[in-house]
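We call the chains A, B, C and D, going by the order they appear; numbering starts again at 1 in every chain.
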Amino acid sequence: MLVIMRHGASQEQIENVINFIKKKGFDAHVSTGELHTVIGCVGGKVVDPRDIELLDGVKEVIKITSSYKLASRIFQPQDTVIEVNGIKFGGSHTGVIAGPCTIESYEEMDETAAKLKETGVKILRGGAFKPRTSPYAFQGMGEEGLKIIREVADKYGMAVTSEVMEISQIPMFLDYVDILQVGARNMQNFNLLKELGYVNKPVMVKRGLSATFEELLMAAEYVMSGGNREVILCERGIRTFERVTRNTLDLSAIPVIKKLSHLPIIIDPSHGTGLRDKVAPMSRAAVAAGCDGLIIEVHYDPDTALCDGAQSLYPEQFSDLYSDLKKIAPIVGKSIDTQEIKTV
Amino acid sequence: MLVIMRHGASQEQIENVINFIKKKGFDAHVSTGELHTVIGCVGGKVVDPRDIELLDGVKEVIKITSSYKLASRIFQPQDTVIEVNGIKFGGSHTGVIAGPCTIESYEEMDETAAKLKETGVKILRGGAFKPRTSPYAFQGMGEEGLKIIREVADKYGMAVTSEVMEISQIPMFLDYVDILQVGARNMQNFNLLKELGYVNKPVMVKRGLSATFEELLMAAEYVMSGGNREVILCERGIRTFERVTRNTLDLSAIPVIKKLSHLPIIIDPSHGTGLRDKVAPMSRAAVAAGCDGLIIEVHYDPDTALCDGAQSLYPEQFSDLYSDLKKIAPIVGKSIDTQEIKTV
Amino acid sequence: MLVIMRHGASQEQIENVINFIKKKGFDAHVSTGELHTVIGCVGGKVVDPRDIELLDGVKEVIKITSSYKLASRIFQPQDTVIEVNGIKFGGSHTGVIAGPCTIESYEEMDETAAKLKETGVKILRGGAFKPRTSPYAFQGMGEEGLKIIREVADKYGMAVTSEVMEISQIPMFLDYVDILQVGARNMQNFNLLKELGYVNKPVMVKRGLSATFEELLMAAEYVMSGGNREVILCERGIRTFERVTRNTLDLSAIPVIKKLSHLPIIIDPSHGTGLRDKVAPMSRAAVAAGCDGLIIEVHYDPDTALCDGAQSLYPEQFSDLYSDLKKIAPIVGKSIDTQEIKTV
Amino acid sequence: MLVIMRHGASQEQIENVINFIKKKGFDAHVSTGELHTVIGCVGGKVVDPRDIELLDGVKEVIKITSSYKLASRIFQPQDTVIEVNGIKFGGSHTGVIAGPCTIESYEEMDETAAKLKETGVKILRGGAFKPRTSPYAFQGMGEEGLKIIREVADKYGMAVTSEVMEISQIPMFLDYVDILQVGARNMQNFNLLKELGYVNKPVMVKRGLSATFEELLMAAEYVMSGGNREVILCERGIRTFERVTRNTLDLSAIPVIKKLSHLPIIIDPSHGTGLRDKVAPMSRAAVAAGCDGLIIEVHYDPDTALCDGAQSLYPEQFSDLYSDLKKIAPIVGKSIDTQEIKTV
């Protein structure tokens, strides 16, 4: 931490700050510049920088050490690669997850999964518990839904990812799913994150609507500090003044996170844009920017979908997109792992 | 819901939309304007407007009915007035809540409460479970803290408000506190909100960092739909591009919420600005704008506070502010209820 | 400027940074902390901090000296008080400016000004050149409008403020107006600001829709660096995700600007909210927060206004508000100067 | 325009609205739904929707016709393709513009252009007049700079683009440049836009930091309404709460603008991210999303650049990127036109 004194701060003010810092358990290193005196604070104690900012003569206080360690690339220079059902996220791998927004029925999951398997997908998504803005909207099928998605996934040799909303749901989820998702609205549900640190399955943490990259990495740190190092980060759009798109999908998340962290960063273009005709362009863009994975909403018949049909691709649209992505990935040194399709 | 067709939409496109709407269970009322055909949809079924927006020839789809009902002023024209320990929020009343950010020790709460009682405060705040961005920061005293705040409040004849973070904590909170707070980061923790609907104590819901007013009212609706009609809304600053202030305190929340809803709207200037020297001006502003209450951080010795000391007022600053607020309130037709101070 | 090296940066990386800095004309002062080496850069040359950020081993670069000087309270500790027609902005004074959005006709200005004079207003506002989002909307009366507002103001002993949009319009404005306004969309029209630095009349600079406080002060600096020290800053709402209000009026501008700068800060609640019924509460709030002035849209008959009638007050609403403001100001140590109304 | 009456609005309120609408010159078509009465307003007059919103019993007012016409794809279904020096923007073409942020000297432009020509670039960028936040920063070489860039471009058979900041500069720019740029801070400098409507060279309009897509299209409409139909739109990042990147580059601009408008949309990844190591990933992403062009900052020696060196690519980085882009474009049905490099 560095304390920058105002131009013209008195010797008394400087000493007052030094005393305050020492009282908080820091060592103080003073250096005097042309215009400003700068006090470096060394030591392990935690202090709120604003406490110092309020002292007389202080211009600014600057925190240096970032608050995340386990998630930081400084802590681990090489990429974390997470493998689920033969599909890898991170390093030179771009994993693809697909499926409907919500689990609606066995038939819906079965028909959708059949199409996805044909395309080469090996991880199936689908919500069983849905965070809905309105208490009067469909809230998901619950455990019944998890049973369905598991059964269908097993039938087609696929893995499962689904969103967990509550600590009390974790044991149930461990019975059915392979990747536990934390939704954007729960990204700072710190109790939930902490509990997921004790789970031995990968956790996907979605960036909150107004979360900074640092806060996203801190959310990952919560999970990792419990012992679980398999965290996948997911950019799914942030809230800005622009309302033509549902959210503003921030693809700079890809180079930014890759510089700051060793964790894989994947993109959700379906929630990120909210409209089907924007999903394919943004998926291609994400792969071209070097993302470690994609999670895309696909429904065997979007017109009848109970939820978010408007942002779900038709199976044939997805299949075309998938084929484009396989061409783009190698240009940026990545490959899209895919289900081997046995043709007799 | 209204479907606006594009200028020049064909008869076939219009009929296609009408068929789609009817299939979803609506009645369709067509009216043809100079430039646009407008299709009114009548009926109770839920449909995602984007599903219609994607049909050929559709320009825009407009939802008419707002999704909140119980929280709406249309549902209840007169103000909801919530009374806790003789202090009222709503109508012509402006209630004041004060106390430290965090419960740190018996001594801290006792010294702070003694000062607040002198000023006239009858509701004490203090966090026992703290949502902290970093897993390595102090996370609060837990139930031990709740015991302390209850004991101190009882000593001074005060009521208690504190933040509940988890469904599993609700029974514990009911033993100690009089108002259950839902923090900004939990404003869309829908399961928690739902459970609080079954509680028979007032619930204070804080606006999320990037929540619209409509979403805040929907959060209240979640609580109210469970049966609990005692909801206090709290504006505590939103996240914008400006970073000099910790958040941007949106005081227009006061006239906006008062027009849309009958629920009381209170202001948290401490989190809303993040710096002590901004708290007093913004508190005065909030009362002048007609708010139904304030929740202000005060610490008997902010320099030693474990958390958010920088935004906590000194007791004497708070006392001066309180006296200003009592002068401003009557100018806008409100009064600040206060503890009778018995002088022998 | 301070360069923070990454934890574990090599000696070679540190020396490379020092060489780079010296090449740019700085002196380098190295101090070695527990975790990080910090290099202080002293000297007058300008460098883009990002150039250093890109060097190997660099964690962060921190600029210390703020870019504005003339506008800074460090440069001038006492408040700048600007007086126009006997009305003062700054210090213990809160000046009020009122009038319609647009100059529409002599009759409109005359009827509005007559009402405002009765209330006690001495500075009249009105747009002659209107920045309109659409090229097809009414663009203002131009010089004809300026003639009208001047004539009406003279009739009632008032001063005039109006928005100048173009360098080429400045000489014309000097003939008619007493305060030259720079609109939010022009806040970074640096050429215009520079020219206004050579004018010897006060300039009011409105905060841009997405301008930080620092950028607003830099805009003032542009004017001041030309020699004109009479700059009034105006908060008129910023753009956020919330769309119920036209903009989010950021009243924390008042304590923030007053701390950073000696220049007066006034509030425009009409553009800041965009709806008449929000104007009075936010005006009261602004005065309670200690603003140095208000600029409010009032129209003698808002229902017939050509522009922004929806955010214009009726004269009787304004008169009631004005009387409230005169009661609130003294509570915060300010007074609202007013036109003496001679009663025979 | 549609006026939605509140649930339970009285017959008198409805009639009052109808009278108001008719007084404003509209025809009113009333249709009564289950819950709401909706009044359709037909006719050509302009009215501020908020005027009606303030009438008793009104819930909401919805504008239907979009304000831009010439820029709209409804007005012109086929893509506008703009050709400059053999390079096309729009349709199946992705044009590339490159060059330094600022024109610093003949040598700088000459060395940079020589490198760019080798890569295949045919349009050179470089600022002569720089909009700088600080009045104390380097403001550009002015006309001297324009002479240099023209001379260098002619030497290598290239075209020139540069930012015009002022109406009075237009004639000078017409002497030297082939595309006139309007910067983000000037996107709503309506007078400047209007004047550029009378120019017979292409105009590139950059999206403002907080401009919506609709406002960007309205800015284009200003130019087009003067007669100049050659407008290129440019996304260069918007301002959000995230500050790790200088701006948030909103690549969804590509599919969004392509749906709403026939005008070409190009991307500026240099300003959009502000850091060199983010430029290549975002450029690849933009081409994969189907953009009509890119404008990229390249400097022959970024370490010595006077301005924005940190976001400028080294020539060899640019050359590698360019070769990637040529591979990605065909996957999305586009091609990158390039300078024929004659090898003897």
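FYI, a residue touches a chain if its C-beta (ideal position, glycine included) is under 8 Å from a C-beta of that chain, and two chains touch if they have at least 3 such contacts.
Computed from a prediction, not measured in an experiment: that's the story for all the values here.
Return the chain whose centre of C-alpha atoms lies at maximal distance from the corresponding centre of chain B.
Most distant chain from chain B: D.
State the pair with the higher C-beta contact count; candidates are A-C and B-C.
Pair with more contacting C-beta pairs, A-C versus B-C: B-C.
How many angstrom lie between the centres of chain B and chain C, each centre taken as the mean Cα position?
Here the centre of chain C sits 31 Å away from the centre of chain B.
Using the average of all C-alpha atoms in each chain as its centre, how far is it in Å between chain A and chain C?
Chain centroid spacing, chain A to chain C, equals 39 Å.
Identify all positions of chain C at which a residue touches two or more other chains, and write them in rising order.
Those would be 210, 239-241, 243, 277.
Hey, which residues of chain D end up touching chain A in the complex?
210, 212-214, 238, 240-245, 248-252, 254-256, 259, 272-273, 277-278, 281-282, 284-290, 324, 327-328, 331-332
Considering only the defined contacts, which chain C positions touch chain D in the complex?
So the residues of chain C in touch with chain D come to 20, 46, 48, 50-51, 53-54, 67-68, 131-138, 165-168, 185-186, 188-191, 194, 208-210, 215, 218, 221-222, 225, 239, 274-277, 302-303, 307-311.
Quick one: in the complex, what on chain A touches chain C?
Per the touch definition, chain A meets chain C at residues 2, 4, 6-8, 29, 31, 33-36, 38, 40, 42-43, 59-60, 62, 64-65, 74, 239-241, 243.
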